[in-house]
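Right after this note come the structures.
In the two assemblies presented below, chain A is common to both, partnered first by chain B and then by chain C.
Take a look at the complex of A and B:
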């Protein structure tokens, strides 16, 4: 029942097969059936969904770029007054810097810790492995928001309240279970024989890992690192709770202050939103082609 | 003929068995423990210990504003919660409604979207990037964006009213009748890409031959979808709905900032109720009891769901 591989080599969109009459049965057999979908059945729903996705983004840009009081539906004349105001008066410059610091530190810590642990999970059988995996699973059911009070007390006794370190640790810890599972799956997909070959050539385990496994883990590390960064950039409650001094706060907390202001300045709010969106949009544009392949590597199925 | 399209037998399992010999070689006995130690210690210190302290506090009276009552409470907190706290039941019911509606809609739209962008068409990569983009947007940023859209003075409703649809000054967030769906729509906007990405990833692994074989046997697109695509996606759908349900249950960012649980407590989920009790009400003992109950409910529902859906079952 298997078909000739040449069928797959045919140019994928060679046919707008909407008109394919039953008379051409012989060819239909060779074509991939999904190419037979009429074009309008793709473009109409996709177009509608694109509107739903993009109008909110456009709306934010519109409010951020048009002058206060304007009701025009195009951001013209364009102004940057809102950005100016948010960046300096509302201290988004400081928030941005803090968020970047927290994001970078969380990225490094999560990736490093998960790489070590993931290697152990992928390559060894050891006694507490089952217990550890069960712990990872259970931790998924713990509501992070509900851990705020005990975590606050821990950080207070460590004298880490109002230090960015507390947020870094909390973000890392809650990012770890997923990262560990992702990285160990990626390591499992690298054949063990490759490492063994390097040992035969005289490498130690660590050198073999760095030389052979690490380069092959690039997509996995990119996925885990960017999840960690995006997650900590976006997360709100830990920063809200653990950082009370204004010059320590992060972007989401700053946004929340703008939302909660007595008379909401919509232009400033929109400009703040754009500032919050820029880094994640860049990261997203960078990783999105790895996103699908990263997951199809079986990462999600564990 | 639908039987002929079952998945090829578990090659994954065989590979896992090959790997089992993995711990031989130059692994010292201590190495795995050393490697797992940083992750293990962090999680013991900052997840397990706080969780245990939540269990402990749940058995105590512990209220910063009423220090004279502090002390062992036995099951007092739990009996209050079960018998004498309508807010608990209201928030639990709202949580259930929120999770079911959100996950159901996100799955339906995510599946449809994944099937569409899995087709071959011009500009596919660009279209994928655009429709997946809200995936990276945070709860607070979602609130920001949708507050601009929902705002009664200069939001979308104003321009609709200009065009003769609806009335001026419509505020969907302060109307108890519309606030639920307004919040659902905002969360849907950023939640659909999660499902679409996961399902699309799994769609890539459906063997093309199966569709060709089915087409030769005269199965139309609908039958191909029902007999090939859906069975193949089964485990991915079960797992992603479960992960998402737990996440939607626990996540408070969006509702906390968009509605604050209001108006009139109409959108208070259980975690929001806990946050209000513990952080604003300073009643840590009672908040801990609520947390414990939420944890048990989540764990129980998850196990039940995996059992009922026979995860990883028959066609493996």
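Take a look at the complex of A and C:
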């Protein structure tokens, strides 16, 4: 008598566990589509695609690491003279620092403003919400080049020409529409009841947002932040137009100055390209996992 | 589906915003005007229109200038060559032009038309540059400005088209240097071995292809004038035949990838492969030197055409412009005078492997050595070459010689368009642009 209640109280999935594995019993395991495709049909196209993608990188490394005038297809003997040249003679140390500052500031400003604006769009209904969203979408169709002169005049009147701040503001402005839409989608996916529960427990709206919503937005914030950083890191036009002092210029402008009217130092250009690519590769290597989660959350559940 | 009122309002707002922005982008706040002589001291800004590559030599010149004029500071700004026109255009429209800037004749007319540059003819006459600038270059600057005899930049250097060839490949094949167009075509054919990935020539099919095609075309046809009365000569039958022959090189004696060649790819191909000849200019000398070393290559002027006559098109002349908006024109002019004087002009041109505009600098030993080693260095000024003056003064020239016709020239190379169709279309654009320019005069 004493054992029966115990057996009945056991959770359903534990019942019969001692006799046989339940998953294999009764019917054949369902085959997934992945198993039906021969492995080579997956790996060969992937390998070819990888090769296609990596050859330009190899070519860049080859030119950056082999001595000037060499036609060898392997970077041997290896030299770092081109890196030394661009880093010291061509001021890439300064350009790198400036690009880092612009990238980091754009990331912080874009993410911060998008977070606040995205929360408002996700949680509040206001009179011109649809109009505002439409405006955000429409702003995506305005090319940066069209805004150049108005932005130039605004920054000039604010005495911000030749200041990295002008580039940060311009980059943030252009990043914000998409970032706002993305972040608001992420916030909509966080159940409102969680925040309400926090309010019941005594939190104010801001504290509830920080304690409950923010941790759940990590994939979205990483996706938005990384795109803001990478975009501002690579963007050439605003830095070229708004910065007219050599010690304020950024990596993309510096790279372009390596191409002369009649001659180009391919070794230096390749070394500059490697320096420009490294931070982007590192950023993507670190955030890859979060980025995929972020995009799938934003795309599917929106 | 119908739009709700707020959505309609938003769409209207967006449209109005876009139009306002467009209007603002096209507008001019008149910032190019004004300016003053200043006190002849203080700080000036100099935009280098070929920034980066020429940065070290400019920094040396600026250091020397500041030593000679301790009361003037020069702020050096390197601008990438590919974007210098947009940078100038934005600054002309929005303000923020420098005091001094590098300006070549290829876009001088555009800047003069926007009233951005100060006339400098009077300053040259009254200063130390009087009589020392090469006459051929001052003429080019006058013509390119399109405002009669007035000069809007001080010429500092000129480039010249050069036929670079690999001496080792020519010796191995038992070929003489290609001094005539017949010898050029013969060598291109004999040096080509497609199975071995060896080619006689690399053609420019991408960005910058038109000027090079015109050079080869006029060089082979022997026509020496760009205009015959009111009409251009680009589609003259001799030119059509010459262009057909030039475009026929593509694929037969050149790599197939040449259809997308800009000068960077073209020079890189020549320096890193088995290609016998390359048409470029004096400026790529250092690249070839790094690739092949002394003696591994040589430069020739444009090959001679019918009757032994050598004809080539004009190359842009580089110079320094004084901007109208400068508040320190006195100090800015001192810098221009210093940079165009004998010592600085010689140093700059030796570094850039170009032809000095300062006639005293043109007598320096390095210039004579360069002219001895490479006939292209001397052919521009020794009277051996007839120059077809390209119409840099037409405000539409840059569009016609670049964006409007480069894709069409690729079609000619690929056999999708005939040379005659291409040249007829280009001639029509040129004739229209000239008529429009004449109306504005």
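The rule we apply is simple: the second predicted complex is superposed on the first by the 264 of 302 C-alpha atoms of A that agree within 3 Å, B and C clash if a C-alpha of one lies under 4 Å from a C-alpha of the other, contacts with A are read in each partner's own complex, and residues count from 1 in each chain.
Here, a contact is a pair of C-beta atoms (placed from the backbone, for glycine too) under 8 Å apart; a residue touches a chain by one contact, two chains touch by 3 or more.
Quantities reported herein were computed from a predicted structural model and do not represent experimental measurements.
In this superposed model built on chain A, chain B and chain C take up the same space, so to speak, and clash. Once the two complexes are laid over each other on the shared chain, residue contacts for A:71 go to chain B and to chain C alike. Of the two partner chains, chain B is the only one touched by A:119; chain C is not. In the superposed pair of complexes, A:194 makes contact with neither chain B nor chain C. After overlaying the two complexes on the shared chain, residue contacts for A:149 are found with chain B and with chain C alike.
Contact with chain C, but none with chain B, is seen for A:161 once the two complexes are overlaid on the shared chain.
Of the two partners chain B and chain C, more residues of chain A are touched by B. When the two complexes are overlaid on their common chain A, residue A:93 makes contact with neither chain B nor chain C. Legend: residue contacts after superposition of the two complexes on their common chain; A:256 is shown touching both chain B and chain C. Of the two partner chains placed by superposition, only chain C is touched by A:134; chain B is not.
Looking at the shared chain after the overlay, A:48 reaches neither chain B nor chain C. Residues common to the contacts of chain A with chain B and with chain C across the two structures: 71, 128, 132, 135, 138-139, 142, 146-150, 153, 241, 256, 258-259, 264, 266. Interface residues of chain C facing chain A in the complex, by the touch rule stated above, are 4, 6-7, 9-11, 13-14, 18, 21-22, 24-25, 27, 29, 45, 47, 50-56, 75-83, 86-87, 90-91, 93-96, 98, 159, 263-264, 267-268, 272-273, 280-287, 290-293. Interface of chain A with chain C (complex): residues 68-69, 71, 89-90, 128, 130-132, 134-135, 138-139, 142, 146-150, 152-153, 156, 161, 240-241, 244-246, 249, 253-254, 256-266. The touching residues of chain B, counted against chain A in their complex, run 4, 12, 19-20, 22-23, 25-27, 31-33, 35-36, 38-40, 42-43, 45-51, 53-54, 57, 109, 112-113, 116-122, 125, 127-141, 143-149, 151, 154, 156, 158-159, 189, 197-198, 200-202, 204-205, 208-209, 211-216, 221, 224, 235-236, 239-240, 243, 246, 249-253, 256-257, 271, 274-275, 278-279, 284, 287-288, 290-291, 294-295, 298-299, 302. Contacts from chain A toward chain B in the complex involve residues 1-3, 7-8, 12-13, 28-29, 32-37, 39, 42-43, 45-46, 49-50, 52-57, 59-60, 63, 71, 73, 112-114, 116-117, 119-121, 123-126, 128-129, 132, 135, 138-151, 153-154, 169-170, 172-174, 176-177, 180, 188, 192, 196, 199, 204-205, 230, 233-237, 241, 252, 255-256, 258-259, 264, 266, 269-270, 272-273, 276-277, 280-281, 283-285, 288-289, 291-296, 298, 300-301.
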